[in-house]
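You will see two complexes here that share chain A, one where it goes with chain B and one where it goes with chain C.
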Partner chain A sequence: MTSPPSGEVIAKPAPGGFGRVLDHRVLLSIAVLAVLPWLLPSKALAVNVLIYGVVVMGYNLLFGYTGLLSFGQAAFFGAGAYFTGIAIGRYGVPWFAAVAIAVGLSTCLAAVIGVISTRTRGIYFSMVTLALAQLVYYVALQAASFTGGENGLRGFTVDRISLFGLQVNFLDPVNKYYVLMVLAALAMWFQSRILNSPFGAVIEAIRENEQRARACGYDVERSKLVVFMLSGAISSLGGCMLALHLSIVPLDILHYQTSGMIVMMVLLGGARSFFGPFVGAASFLILEDVISLWTPHWQIFVGAIFVLFVLFLPKGIWGTLLDVIGIGKARP
Partner chain B sequence: MSGELLRAEGIGKRFGGFVALEGISVSFAAGQLTSIIGPNGAGKSTFFNILSGALTPTSGKLHFRGHELNGLPQHRFVHQGISRSYQITNIFPDLSVHENVRVAAQALTVSYDIWRNRARLTELHARADAALDAVGLLGKRNELAKFLSHGQQRALEIAIALVSEPELLLLDEPTAGMGPEETKDMVALLERLAEKRTVLLVEHKMKMVLGLSKRVVVLHHGRLLADGAPDEIRSNPEVRRVYLGQSEGYG
Partner chain C sequence: MDLSLIIMQLLSGIALGAVLVITALGLTIVFGMLGVVNFAHGALFMIGAYAGLYLASLTGSFWWGLLLAPILIGAFGMLIEFVLIRRLYGRSIDDPLLLTFGLSYILVEGVRIVFGSDGIPFPTPPQLIGVLDLGIGFFPRYRLFVIVLVAVVLLALWLALEKTRIGLIVRAGARDPVIMQVLGVDIGRVWLAIFGLGVGLAALGGVLAGPMRSVNPEMGSLVLAEAFVVTVIGGLGSIVGAVVAGLMVGISISLVALFAPEMATIVMFALMAVVLLIRPQGLFGVRGRTA
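Entry: the complex of A and B
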């Protein structure tokens, strides 16, 4: 990086060259996602990349940008999916309203879990989030009349979607992909706004030095709670997308293995990068697809690759790539 | 001498059975540089942590501009007008030098706004650059803070504390770990700062303290040992015995 000559006061940091590309990160990300179904071997895989990409992106706000390692993000992914399914199947709510309600209720759940967990630090935070998320799992398992228990939630198929008076056949994989992509695009736009906002600066300051952030005058505990809720809200939208996509909600979505997978995806793709979560989700799902064709023990190989990443590419695929072409440092 | 800014009344702090501070009553007037000195373990840092809100005293009261500070959470102290730097460099290492200071300036105005673009809050950028200019770091504004030299990081530390325009600036050993050249620069910076605002300094380097301060407060074993102008402190036999003797010798 070059510094301007001493004495020159510039109000706005001006990233030159490649740095400017990042000013349009939302549009660029949407452009890549728009062609994704034609790049990947199957449309189903592309939809999964989209869904997990949104979930992991929400998690990245908490883990990558604020530095809070939660092992319970599956709770919000699952909550989004279950609330959407229940709203549509049990109460006949239109799909779009169901998504809005589900995100709202999941954010409330995040507020409850956040109030308890953000009071703790480090490994205790991780353990409390893990425990509370498992609590949500057992509630879903026991409340079978609402959630379908072990069998998962069924009976809320969304086959047609009306968009501005236009009837769209939602069973067609291409239509489905692009409708869900609109939701993903909304989430990306929201996340980008958060990262560019004054609050985005606060969470990065907390990640860098909590004590100093407090001494600067920030209410660290309250800021952590706010970011925990925002993160839960975005991840829950991924859950809504999953429910619309599958027309069932498997109970496994709430299990801690899902939380672990979210952590792996963000580390594979690159924490603290905007598009990294999508890269991470895609790499993980492609690895799973390819290796599981060849051996049922695919998890051994994915695990080994994961360890190699943590050891040698701590910034993940996307973060490392941005560093190599020299635009990683310019912006969050 | 203008009015009283900060008054401590009978401040005490215990950690379990250990008494770190006992019965410290002292008041600081606005607009002068006061140093707090004392041998290791005298309670200087504990006292500083209490003045900046990081620790709550077990007894006694703090008054700032007539308001009582007891019970306020630490993050509210800056909003009252008390800002501090740390003995061990305490910055945001992976943020740019400019952002280190900008985010500190932002704390007084916006915290939870998730909607506006912070690049457009131009007043904060200008204030950050002004604070960087005041400590001589403007030329480094776009570098990551972790790549600065130790002396520059100490200066950045002060810029972070300074940007909130505090009425009372608490500096905890700003020259810790510095060589003679860097110390000279820092002393010049402290002299400039003291012209405009109230500064409280914890420092080990005796010559520097006696040359720089209008008033010196000496702590020893958690108690107030002496309080006065540098010349009085220099000739105070108690102080010579416990402290000055170590660095300047008797006689």
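Entry: the complex of A and C
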């Protein structure tokens, strides 16, 4: 269902030359992420914010910018993690090659799921993506010889990483954070590049008014499929980061509860804003961290807070903040 | 592999499908009338099972649980519509979905607090323990009862929708709520009742499923995915579609379990994918209602 067209003009300045590619929002986001480990109570929490931030950012491309509410993003998050783990543990592939292979294969998976699910619209799309992601979950559960089944994937550990000729001790949490941040920064640059491209304008046009976009001559179905794959690719990179970070892949990563968590994070932070996903991931994880200190039933509070957000703050923390200080319209 | 075994498995599939039909029906009726996809449907199914179990142990009879749990949980559903969902009419179609998703978190965790995280066995009512000799094999009495009860409920629902004045209002309200308001029908009350009915059906499905599966806080999440698959195959908003697709899914799960058990959990998703490739609007869906 398309929302009524807003008065807002979607057209953006065309990216002029290579210098415009690194838009300042990427640099600002990287700057914030660079100091994050010293702002949060633990380094482990900061790593999680980074990982989920990337996953949610990829998802935001689909939900926030294109307006497609998928409930199956966990499939790509999980696929990225599983493929990385399998490539390293089973085939002894170096870590960066494993990440590249994992993102490639996950994008293929996104293409398959996308071909089926983008044939449907509106509410149907949410239900179909959920069901297909559950299919991936059950396949991973059954293919235990590859994935470890219910116990999750184990038996691969990355302890040393060579980065630009440097040997880095990956067990040290600070080193780990900054190595993963390089991947996150790459993902942010890529996402910003997509949003600034003409294609980025097309997907927002589809969100604002699908029929009008079609009438303007854009191939809506193909654009949806492409954005579904791009979104899956970015989220799968988050999965790769998780696999490198944990050295295990829990089966739960593929469950639709994880997809739901990604949806929650993007809404808490603010869909449709560039940095919102990181704010959302951080607030969700901090909330979980704080509440689980005094009750194991933290989910009841998270659920309640989420309900309140849907009712009263649909633009999320970051989106509302940008509106309040008056730069929401420019969407930095 | 002889024929009688396949027929028995087919019957099992129908019993399994019957529960799916009741659950998916609740989902599809609410969507057809209100345009709301209830993501808490699985959680309410689970709460229905717990309520049935609790009421059965309180009154000492399964039958009271079976009767009262859907009514109580249905009333609870009306409360949810009145307090939360009602605020979201007129907003994006995604909003009720997101809200009910958050709600399912609250419900599942709430049940964990009250009843604990472990599964609880749901005793089969004494009258229905054991098997019945069908001539070609033995079939559990309880499953036969489930099939019959669901058939009766479906018949009653069909009669209520097609033959009564209230049913007429409901059907017309699904077509065009604005005209109904112009004609002096309080459509808000109709929606309240329909939401309650949908949730009540989820709870009924939960109570019926109780003795066939064990009762635990996570049982709803599996059911939600199954109900989604059924409504997508049948066509969202189509009652006939929910019945046909529910039985189809139930039967294919049972039959596949016979030949390739490891494929049983996967087959319904494959079925859905095939249906979507051929008919994106579902078997009985109307084109244009997919949005």
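In this text, the second predicted complex is superposed on the first by the 307 of 332 C-alpha atoms of A that agree within 3 Å, B and C clash if a C-alpha of one lies under 4 Å from a C-alpha of the other, contacts with A are read in each partner's own complex, and residues count from 1 in each chain.
Following the convention adopted for this analysis, contacts are C-beta pairs under 8 Å (C-beta built on N, C-alpha and C of every residue); 3 or more make two chains touch, one makes a residue touch a chain.
Here the structure is a predicted model, which means the values were calculated and not measured.
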Chain B versus chain C as contact partner of A:223, first or second or both or neither: first
Which superposed partner A:167 touches (first chain B, second chain C, both, neither): neither
Which of chain B and chain C A:199 touches, first, second, both or neither: first
Partner chain(s) touched by A:215 [first = chain B, second = chain C, both, neither]: first
First (chain B), second (chain C), both or neither touched by A:260: second
Chain B and chain C contact sites that coincide on chain A, given as residue numbers: 1-3
Chain C-facing residues of chain A, complex: 1-3, 69, 116-117, 119-124, 126-128, 130-132, 134-135, 138-139, 141-142, 255-257, 260, 263-264, 267, 297, 299-300, 302-304, 306-307, 310-311, 314
For the chain B and chain A complex, residues of the former touching the latter: 52, 54, 73-79, 83-84, 86, 90-96, 98-99, 102-104, 106-108, 110-122, 125-126, 129, 133, 138-144, 160, 164
Residue ranges of chain C in contact with chain A within the complex: 31, 37, 84, 87-88, 91-95, 97-99, 101-106, 108-110, 112-113, 221, 225, 228-229, 231-232, 236, 262-263, 265-266, 269-270, 272-273, 276-277, 280, 290-291
In the complex with chain B, residue positions of chain A that touch it: 1-13, 193-194, 196-202, 204-205, 208-209, 211-220, 222-223, 226, 230, 329
